[in-house]
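Several structures are given next for inspection.
Look for chain A in each of the two complexes below; its partner is chain B in the first and chain C in the second.
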Partner chain A sequence: MRGKAVVTGLGVAAPNGLGVEEYWRATLGGRTGIGRITRFDPTNYPARLAGEIEGFVAEDHLPGRLLPQTDRMTRIALVGADWAFADAGIAPGDLPEFDMGVITASSSGGFEFGQNELRALWSKGGQYVSAYQSFAWFYAVNSGQISIRNGMRGPSGVVVSDQAGGLDALAQARRQIRKGTSLVMTGAIDASLCPWGWVAQLAGGRLSTSDDPEHAYLPFDARARGHVPGEGGALLVLEDGEHAERRGARVHGEFAGYGSTFDPRPGSGRPPGLRKAIELALADAGLEPDGIDVVFADAAAVPELDRVEAEALAGVFGPRGVPVTAPKTMTGRLYSGAAPLDLAAAFLALRDQVIPPTVHTDPDASYDLDLVGPEPRPAALGTALVLARGHGGFNSAAVVRTATG
Partner chain B sequence: MTTGAAGGRRVVITGIGVTAPGGPGVKNFWQLLTDGRTATRSISFFDPAPFRSQVAAEVDFDAELLGLSPQEIRRMDRAAQFAVVTAREAVEDSGLETGELDPYRVGVTIGSAVGATTGLDQEYRTVSDGGRLELVDHAYAVPHLYDYLVPSSFAAEVAWAVGAEGPGTVVSTGCTSGLDAVGHAAELIREGSADVMIAGAADAPISPITVACFDAIKATTPRNDDPEHASRPFDASRNGFVLGEGSAVFVLEELDAARRRGAHVYAEIAGYATRSNAFHMTGLRPDGREMAEAIRVALDEARMNPGDLDYINAHGSGTKQNDRHETAAFKRSLGEHARRTPVSSIKSMVGHSLGAIGSIEIAASALAMEHGVVPPTANLHRPDPECDLDYVPLTAREHRTDAVLSVGSGFGGFQSAIVLARPERSAR
Partner chain C sequence: MPATTFTAEDLRRILREGAGADDGVDLDGDILDAEFEALGYESLALLETGGRIEREFDITLDDDTLTDARTPRALIEAVNARLSASAA
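On to the complex of A and B.
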């Protein structure tokens, strides 16, 4: 286990389930968390569906003084980190303070908090802006707040690469573990479901305008017309393998390989970078393509992007060469929270030897994908590949495997 | 330790670009610093009258003159424009023909604390019709609003500008972003994930929402009647920082490759570390423990001793608590050498550009090594008795500089330290 970075704790908050087991039961059961937006009235917007987290009551988990200074995504992240620690069977006080870091991803910060303060500024005046605005909305807030709540004084960080950032955070956490930090809380919880965030997401031009939760987000389907966004994600306890072994920790698996690339400038004539990112991740894990047992797809549900992903997978693994799944069809795309949630799902798949389903999609045969359908598929699983792409051209790929693999 | 000067691949700066208050480009920047002039002034971007703090260090920036196309100007937030212009200057300075490199081996890391906050502020005002609409109107949104939502667009723009297809990300750790972005990029080269990194930072936060949020916690100075002398790090009369804006970007390369192509080497990124205070989102403990730990680890990675440092480029924001915290951290980590080593804060001249300043300060540090001149701390007439180091008051100093420590401290509790040194030095 020396030099390895292993995941020993999972904290999950997803639109179809709060907590690891609830999320996993919902996912294996094909239960979707996508529905009409309730947080604000979406009637007059061209897109009206999202994956909202239900039943999260911050007051049940956090001290009252934290509430006025935190955005929704930060509250969920603080609780997600608590759950990840509990799942890892370790308390922050068990380790030296400089031996624990926090490295999270964010895509747009505490956007709803920022929205409310912008509204105060422009409707009432600068003196009505919250004393917490200077930090509650910015991208670093979750790493900062998690470190404070848990007394973690080791190397910390924040990466922003849209949806790909969720994997980039894990890679940065592994880097710190290799340099000698015993434990890093990593991953991402994202949320920007507010009118201002919604208008900004609409401008990206990739939101599905369907009103039918069963037909709105259909990656790899000929009917694909964009995605449904959601909120949530996962925080993971990444730990030095030897440290985990010494304390007899239950290990979910190893973060074994990672690669990232950036797409060429439009019009350059060069190929997209996703395939290269996959090859880098495989090489980093020391695996050949036939060593991958399942792929968790990025699943953009934009025809051109689905094509790029399908071609990258066919190029590396051969046509229908590996089972591919997209459980995010039940949660929506969670921005930087999506890939950490997929990593959590991958570890649970390794544990239970079952591939979670992809719901609603009827895959277009021309993609040549072995897309796992609406039922879970039992399989012998020792490894998984997780893909994540960010707006503008970010491609990241990660390989995980069972601890004994 | 698998990294560090003697641990394998070494990383050097071979190109520098700067866009800072006082005039764009490295030349204007260095002239301002060595003259000891200040670029702080009354805010001109909007009417600052309703705000407590009405001073800022603004960049006189003509995007078209600096080579951006009309479409680039239209789609990019001001900070992204800074980043692209500055990255191009750095690449040109390095003499690197990026077209001849394997694009997968060239990466981009851009630091930014608050991303496209100015663009978001302006757009919110429009789509909410001056704050009247709670359900903001998407019909009035600019087509590139998504790129403002996700500041990762800054890294994307720079990657496009230089033709990079390797690892790309934005690093956003508040006011240490610019330092952490360079430290992160250096680690990617060391571990072999890239051969060349275009790394730096950009922020353009001088907008009503930013000014209001710092007013709310009295972090910025209210010295509105004397804007040229408003930023006073380490002075007894200091009463808050002056908001700034800008960018610095570097070309980082593996040392042997840089030498093979006969590149000019400014400095090696010899050591880097970051720690968190886990104390308060905006507050600092006076003892400087966590910053001291970051300094200790960065020096260790560089295999250097406190006595090897010739200059310390301070965070020196000019808030009451920061300058004492930092002075304590230097004493704690460097012992007697803290008193023997010149320390200065260029924020006295160019203000505090949040996530960008860490990179701008690395540029100042590298240029200090290049020219054998240490920039001064302007406006320092009467030091705070608790800030009792040699802060190089008022006037730049000729001083042979072979190794520099630069530090940053940010909201969220981040404390970072980076060590630059001549690659030919003898490590301990």
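On to the complex of A and C.
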């Protein structure tokens, strides 16, 4: 496994399941985590559904010193990192501290923490704003807190490119592994289901205003009307292949290919960049299109964007040329957390030789997609392609495959 | 005698509210002469603690007060000195 970056640990926190196996059971069972918002009263907002994580009690997992200084997304990320380490069969103390990095993605930062402090500022005054607001809202805070908690002082940072960031973080982690770092904690957790975060998301104009959890988020369906947001994502231990081999690690698979592009400016007449990102990722993995066994779609559920994705897939793989799935129909779109969760699902799909379902969607025939339906589909799987697009023109694609010696 | 006194109990409560408590530290134990750092409180925790003392007791602490007071006892004394000064 020389020169390869392999995933040896998964930590999952999703609206339809906390922890890898609970998420996977729920996903294969078609169980949705989408429902009416409970975190605040959504009655007077135009969009009222979200994928909320249930049953996460930070106090059960984290020391008291961390609670006053962390947003919900950071608490979930810290626990997700703990789970990923445990799954990797490694403790952070096992490695030299400068040989481990943390590279996560973020799309919005710690909104709920920031909302509370802004409220304190305008209702009581500056003296009432927490000193921890200085970093608790910040995009890089999940990386920073994971680094501090686990003593990981190697190459670290954050990438911010909306939903595409979830793959861009893995790519950046792989660069650092190629430069000699043995292990990088990577992936992303986003969580901004609070009134301030909600109005920011509403401003993007892509939220579904349906009140029916079964009809709100319908990518590739003629009834597509925007997406339902969710919270959560996944942390992954990305490790140098030789390092993993030396310690006899169980390997989920290889992060084998990556490509990213940026869309041309509107009106330029040039084509969207997604297809090129797919082609770059395939070339990076050394694969032809027929070497991809399943695609985890970005699944915007905005008709124009669904069209772009379907055309990119048909262009590369041919009409109905590859099975396509969107298990995020059960979680909502998790922004930077979405693609790391899809990567985790892809590795589990490779393990169990089954493609997770896409629920509720009745695909429009004109998209020419072989969209996996509401039941899991058994299949011989050795590779998967994961797609993620970020607001404003980010396109990223990643190829994962079963680890081979 | 100042009208208000800042007690060790006040400090314990404010530390818990503003910065939390380290699981390995018994704040209710004999902490008065332990260094804040050994109790798990870094400079930002003390900044938050100072801010909460200021607004609750309606005083202003000099920037140096928080950096110079390395133990709970020293901070309690400094706060009470400030309270006496404002009461005078």
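Criterion: the second predicted complex is superposed on the first by the 404 of 405 C-alpha atoms of A that agree within 3 Å, B and C clash if a C-alpha of one lies under 4 Å from a C-alpha of the other, contacts with A are read in each partner's own complex, and residues count from 1 in each chain.
Criterion: contacts are C-beta pairs under 8 Å (C-beta built on N, C-alpha and C of every residue); 3 or more make two chains touch, one makes a residue touch a chain.
Just so it is clear, the structure is predicted and the values come from calculations on it, not from any experiment.
After superposition onto chain A, the partners chain B and chain C occupy separate space and fit alongside each other. Legend: residue contacts after superposition of the two complexes on their common chain; A:Val158 is shown touching chain B, with no touch to chain C. In the overlay built on the shared chain, the residue A:Gly248 is in contact with neither chain B nor chain C.
Contact with chain C, but none with chain B, is seen for A:Pro68 once the two complexes are overlaid on the shared chain. Of the two partner chains placed by superposition, only chain B is touched by A:Gly204; chain C is not.
Of the two partner chains placed by superposition, chain B and chain C are both touched by A:Ser130.
By the touch criterion stated above, A:Ser147 is placed in contact with chain B alone, chain C being left untouched.
For the combined arrangement built by superposing the two complexes, chain A sits at the apex of an angle of 60 degrees to chain B and chain C, based on C-alpha centres and given in steps of 10. For the overlaid pair of complexes, the smallest distance between C-alpha atoms of chain B and those of chain C rounds to 5 Å. Residues 69, 127, 130-132, 134 of chain A contact both chain B in one complex and chain C in the other. Within the complex, the chain A residues that touch chain C are 63-69, 127-128, 130-132, 134. Touching chain A in their complex are the following residues of chain B: 1-3, 50-51, 103-104, 107-108, 112-115, 120-121, 124-125, 127-128, 130-132, 134-138, 141-153, 155-156, 159-160, 163-174, 177, 180, 184, 187, 191, 208-209, 211-217, 219, 273-282, 290, 293, 410-414.
Touching chain A in their complex are the following residues of chain C: 16-23, 40, 44-45, 47-48, 51, 54-55. Residue ranges on chain A touching chain B, taken from their complex, read 40-41, 44-46, 69, 97-98, 101-102, 106-109, 111, 114-115, 117-127, 129-135, 138-141, 143-145, 147-148, 150-162, 165, 168, 172, 175, 178-180, 192, 195-205, 260-265, 268, 270, 273, 276, 390-394.
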